[in-house]
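The next block holds one structure in the form of structure tokens; read it before the comments.
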Amino acid sequence: MNITSFLLMRHEIILLVLILAMLVLEVATKPSQKKRLINIAIGLFLIHTIIGFFPAETGELFGGSFRTTGLIHFFKNVLNIGVLIILLQSADWLRDKVAEYNKIPEFFILLFSSLLGMNYMISSGDFLMFYIGLELSTLPLVALVAYNSFSEKSTEAAIKLILSAALASAVSLFGISMLYATGGSIFFEEIAANLQTSNLAILGMVFFFSGVAFKISLAPFHFWTADVYEGAPIGITSYLSVISKGAAVFVLMSILFTVLPALTDVWKNVVYIVAILTMFVGNLFALRQQNMKRFLAYSSIAQAGFMLMGIIHGGNLGVATVVFFLLVYVFSNLGAFGVVQAISSETGKENMDDYTGLYRTNPKLALALLLALFSLAGIPPLAGFFGKFFLYMAAASVKEYLLVFLAVVNVTISLYYYLLPVRNMFLRKSDDAIPYFKSKSMMRTGLVLAVLGILVLGLYSPLYNYIVELSASVL
Amino acid sequence: MIENVSIYELLTLTTLLFFIGLYGFLTRKNLITMLMAIELLLNTSVINFVVINKYLYPDVLQGVYFSIFIIAVAAAETALAISIIINLYRLKTSVDISETETMKY
Amino acid sequence: MDILTLFVVVPVLTAIALMFTKDLKQARMTTMIGMLIEFGMAINLIFAYFRERAVNTDIMVFKQDMMWFESFNIHYAIGVDGISVLMIILTATVVLAGVFISWMIDDMPKEFFITLVILATGVYGFFISLDLFTMFVFYEIAVIPMYLLIGIWGSGPREYAAMKLTLMLMGASALLLVGILGIYYNSTAGGGDLTFNILEIAQVNIPFAAQKLFFPLTFIGFAVIGALFPFHTWSPDGHASAPTAVSMLHAGVLMKLGGYGIFRVAMYLLPEGTNYWSTFFIVLSVIGVIYGALAAIKQTDLKYINAYSSVSHLGMVIFALLMLNKTAWTGAILQSLSHGFMTALFFALIGMIYGRTHTRDATKMGGLLKVIPFISMIYVVAGLASLGLPGMSGFVAEMNIFAGAFQHTDTFHRVMSILVVSSIVVTAVYILRVVGMMLMGPVRNEEYHSLKDATWFERVGIYMLLIPVVGIGVAPLWLSNMILDSIKPFIRGIETLM
Amino acid sequence: MDFSYTIFILIIPIAMFLLLGFFYNKIKPAVSGWIGVAGLTAVAGMSYYTAYQYFFNIPKVAGKFQTFFGFKMNWMNYILPKTEDLPERFLAIDMGILLDPISIMMMVVVSTISLMVHIYSRGYMKGDRGYTKFFAFLSLFTFAMMGLVVATNLFQIYVFWELVGVSSFLLIGYYYEKPSAVAAAKKAFIVTRFADLGFLIGILLMGYYGGSYDFMELNNPEGFNIILENAPQKFMGISVITTALILMFMGGAGKSAMFPLHIWLPDAMEGPTPVSALIHAATMVVAGVYLVARMFPMFHFFDDGFALHVVAWVGAISSLIAAIIALTQTDIKRVLAFSTMSQIGYMMLALGVSEYDGHEGLGYMASMWHLFSHAMFKALLFLAAGSVIHAVHSNYLKDMGGLRKYLPITNITFLIAALSISGFPLTAGFFSKDEILVAAFEHNKPIYFITLFVAGLTAFYMFRLYFGIFWGKKTAYEHTPHESPWSMTIPLMFLAFMSIASGYLPFSEWVTADREAIHGHIGLFSNLGAIHWDMAAIAIATGLLGIAIAWFFYKKPTDYPAKISAAFGRFYKWTFNKFYIDEVYLFITHKIIFKCISTPFAWFDKKVVDATMEGIGNKTVDVSKLIKGVQSGKIQDYAFAFAGGVFILVLIVMYML
């Protein structure tokens, strides 16, 4: 193995460089100049994102603890785009709210390191790497959630997150140890090779599963979600709801498929139960939410439930559909969160009723939110519809018609609450509607990116075909 | 490899520890104590890894390394948690769990 | 660009153009031009269809097939037969008339027309698509705008009505989706690609177990929008709250998606399922027919009356489809057409009357014949069409349905048929009741004397809808022949079973 | 022989309707009146010419009149499914013009009366707001009625049947600002519509089992066996075809106001009097008779005339009831309405007792003849009554009396008509009615006696009317009544002439069941046969008796009528209230259908069906309210849920699955 083979870790290395660069700049720049760092950091990350799209070869490092395939590479790019949009959307917040506490570079450092953790987690080849990645992605997030250190909500959210996360990782570690005991190794290939169905293995699988399910916020491991989402700064909320959830889903999928094929029948049942539970819990709780962040939190829980339908399939088709759905989901959710953030950073209003009559004052924002919500609800011809439809196809192809039926019932329920903000924004007039404001250029770019994604991704079929090709190689 | 102590005793021990830790986590009202419970939980896994490595697969040291990493990460985790708890204390002058129940439903 | 895809493209372009319009004038002109083009294309299509049909004996003509999602073998597949051509003409007419009727829409005109046009896009797409996936996509595109249209520009309990309508129709489409997936995964008899293409699926015979399971899902999925009892409750509220043009479009076109879908998908692809379930659904549809008519008697709100009469008339469509013979099917298609034009006309008139008297309560009005004779006379004519007066489209359609129904000699069908036939009396009752209350009698309200009769754009809208109603009624032969030869391939699958 | 010009008999009226209808506010009333008259003159002329051609210039074949088609086109096709012995085939529906004795006779009747009414209306309706509209509706009716009589098949007859009903609706509701008129119009339409339901079902059955709608095929006796083979079903011992026929007769009964579907006719008098004369006396109401005559062979041959017996008895009962009710009515138009009903009952029973071939088919001929003459004198009666009403502005006998010196022409013409309807010798009514009596006497004695009795009653109430109007008490009029303008009196005189002259037409040679000339009894100038004075004598006696009583009671105001009515007491009351049949209907429609069916349905829809759909939604929301407490905000609860979740999952996957 020569030095060039480290280029397999291109994403991670560049991220590391970024982090170090931010550290240096942090020291180098005067407090008054720190605001510049925002643009610099975003610019750098943009470059990173672009570089990410250059073709990368696949392979393994460190004796298999780090591996990368076309799909993993692609998925890292998806995460990058997501993070880029998040950065663009939270630039204003940083400039206006955070700058005065002089905590701008740390934000990027923490965010990037969390992303770094994700990347390692995604391309981990053994449980050790996986565990480190997991923690590396979680701990900075906790700090970020607590970022607004003068807000009690933020702190409370952080405590809830760290404690639950610690519990979750402890449980999943316990599970991993059992898998280690039965599989005789911490390397995925070897476990996959010599793992037999045994109660201990099943126990380990369930424990491990619950740990990851916690990050995906599947019921009943989802309780932290709403509170943390509400308390955290919106940028971080969207990061939690999109990036960390997405990465976790991806990892869960690849581990279940590649490491625990021996237990397929078992984990299918687990996933089945959890999927139905999650959909219903997410939707039923979302019905009555007033705070937009909580509302989106529950909706994202429900969405996670849908993703599991692809996992149930347990084959290439499932992988492709899930990845595609994640891609779509990134854009849709970020669109929604972006509007919420734009409004809250402008007016500080986060309640659904504050949105009344929004269309007549801020048509563009309202339209963006409409599209995002419809995409989440799965209305054609927006991307969300295709994402959901393919998930149904995946589930139906293994004759899980009941699951599909329950899913579509849930879609109907979800449509109800997705229409509530729409109702407020479009159907109703209000005298104290949010007055017209012109959001900053970065925010607008972020929203435009998201909306473009929503509009184009579904209809543009070559993308999906490309994902299919990639996912053919992973299993 | 401890003399005339089979793996079963040890695993039973760790399992007990696990549930003790869980119990602590669920019942204590003080955040610091809850952190200690978390530590307990993590340590069970540490012991597990070492024991399994030693008893079942003594030729490769995967488990041992794993346990070292766990300890390291646990330390970081605790540090972070403590700092946040301190922040909470600064805001509320209390580290009671009941301080963190404003957001619900 | 082929002749059919244009039907989807033109509205989209219109919508895009609308985004750059400033005020009501520009908006309505843009829409009118776009929809006029659409209308012209529809008229052209029917001649093109006859020319093509002369040389081309496929089930569908003007077929286009474009691979869309390769891995699922999802195509953008379109094509038309006589029935879809007629439906397209219906749509074009009603939409254009709707534009004229909503000539004076004041609140957010641009958005109104954009939404309207998107709705039209969905409907056109639905009627031309041969691929279940494409069809489903267009179906939902057609349904969702209703929420905004009713919610924003509606009246009365609009939010409630809009939400109810959307949820019920979406719930239906959920069932439909399961049904479609079920069909898809049984769409190949061992080997061969799975396919969404209707024509290809029709070649394989789906195992009976699957048909039994998926027929009701698909059927109900479509029947809800066809206002089959007991899934019709969205329609009265929806109609009552919707603005005029939307009620027209909705009752005139959107509700036809139901019957069309049942015919194209449920019955064509799942013949054995149809046979197995027909008795049950016949009972439902007959209940719908009688029940809608009887419920209409008690209503006093004009729109409610029409909503229930739609339930009754469309129940007849579904009933006719389930009669499973050519005559009845011809009747079903004719009934869809005639009901489309007629109800659109009705709602247009109701809108005009409401715009003048500011009430839809028939008991509060009276003697309108004296003050607005034109609108009132047309209302009478529409009423007569609705109660199946010879020389109007309704009569032709109903006669076909009845004649088809009476070709079943067993007692069950006989009783059901007689029940359905008896609905024409009830229809007469509630129509004449309204005419008597609202149009005849002394003028109740003094300021009605100052009312103005229809304006030019209203007249245009009215005539656009009235001419087909009378036309079909006077010379139905070419139409029924056109429908007949389009039905033949579909009936075959059924007849082999009977 | 080419009859293709007959198409104009249909085209002209509809063209007039469209012209007058679309430009009703552009055309001057006077103009529109003349347009109407001119058009109708053309139509009438063509009808007469056709009749002349048909009866005189076309050689009979084997002594039978032939059937011609003025015009025929395919309007629509149904598909009959293939049966074991027949392939899939078309069930064609044509629109066309069928010319045979009865259709031509009807053409003459309709065009004549319509023309007269047009002329009359120019005077009667002068100065009315909707003058033009009125003529438009008249043209529409003429078109529809003509289309009905020349129908070549059942379906066409149904089509125009409905159109006739609608134009009747429009004309009854012509004074649409009068609530009573609106109610009457609705009643007329809905009652006939209900009857047409039977007609329609009959047609559908006939089409399916008979395999055709065409009269030529259905009525051809050779085909009956085949039809019977296709229609083996027996329902209560009678074949489906007979059921169909009876159902079709139900439609006919509705249009012809036969008991118990007659309730709409008296109210229909709310319409303008010319309309009553045209539609509700002369033409539309005999459509039922015409229908039975049209389908006569089938009525006669299937189940050896079971359906025909039904027709006979319905006719007899109706004529009796109507005559009795007519005794007590005080609104002159209503009296005339009931007499119309009773006369149509005559025609029905005449058909009912008739056989098919040769002299046995006397009743058929009699019925058609009576139809013809009745059209004339009944139209005359109505128009004269209209002239009276025009003069005194009231419908009620009590406001009239001693009008004979004010309205001389009306007086004379009315008298002639009254004599004619009472069967006074040498008037048209005398001849046609006697044929009916003979026919009844020969085939069905009970009906004969009913008929005779009714004849007496008819004479009585007609002259009660006559004396009540033109003689009787001297009433003081605030402004002296004056004779109507010429436009109104000319039709009266013409019709008066007709209601005598039509008695001397050789019907027995022209209009017979098997289309062969038969030996009539009364046809004075017909070279066949002479008067059967025995039969005639009885009839004349009855008629004169009736007239005499009326003279005795009503010529001078007396108190006999009061005495009599007091003597009858309860019965009188019943009769006066038309045996409460209306009330029965009201009870059924309002109390039962509205209250007990429609209202519950509406309620059911709101409270049950809708509520269920609502409930699903609301329950979902309730559930979400219910479970919100789970999200308690306490980390330890979350952790507990976490641990519990793991635990349960483990249990499930390990032990349950």
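A, B, C and D label the chains in the order they appear, each numbered from 1.
Throughout what follows, contacts are C-beta pairs under 8 Å (C-beta built on N, C-alpha and C of every residue); 3 or more make two chains touch, one makes a residue touch a chain.
Worth saying up front: this structure is predicted, and the values here are computed from it rather than measured.
Common neighbours of subunit B and subunit C under the contact definition above: A, D.
Interface comparison, C-D versus B-D: the higher count of C-beta contacts falls to C-D. Closest to the protein's overall CA centre, chain by chain, comes C.
Between subunit C and subunit D, the centres computed from C-alpha atoms are 37 Å apart.
Separating the CA-averaged centres of subunit B and subunit D is a span of 98 Å.
Here the spacing of subunit A and subunit B, counted between their Cα centres, is 27 Å. Between the Cα centres of subunit A and subunit D there is a gap of 79 Å. Within subunit A, the positions touching two or more other chains are listed as 159-160, 163, 167, 171, 226-227, 416. Among the residues of subunit D, those touching two or more other chains are numbered 617, 628, 631, 633, 635, 639, 643. The set of subunit B residues touching two or more other chains comprises 25, 34, 100, 102-104. Remark: the chains found to touch one another pair up as A-B, A-C, A-D, B-D, C-D. The touching residues of subunit C, counted against subunit A in their complex, run 68-72, 133, 136-138, 140-141, 144, 147-148, 151-152, 158-159, 162-163, 166-167, 170-171, 174-175, 177-178, 181-182, 184-185, 213.
Touching subunit A in their complex are the following residues of subunit D: 617, 620-621, 623-625, 627-628, 630-631, 633, 635, 637-639, 641-646, 649-650, 652-654, 657.
Per the touch definition, subunit B reaches subunit A in the complex via residues 18, 21, 25, 31, 34-35, 38, 41-42, 44-45, 48-49, 52, 56-57, 60, 62-63, 65-66, 69-70, 73, 76-77, 80-81, 84-85, 87-88, 91-92, 99-100, 102-104. The touching residues of subunit D, when paired with subunit C in their complex, are 25, 74-81, 91, 155, 158-160, 162-163, 166, 169, 173, 176-177, 179, 182-183, 185-186, 189-190, 193-194, 197, 200-201, 204-205, 207-208, 233, 593-594, 597-599, 601-602, 605, 609-610, 612-614, 617. Across the complex, subunit A meets subunit D through its residues 159-160, 163-164, 167-168, 171, 199, 202-203, 206-207, 209-210, 214, 219-221, 223-224, 226-227, 266, 269-270, 273-274, 284-285, 287-288, 413, 416.
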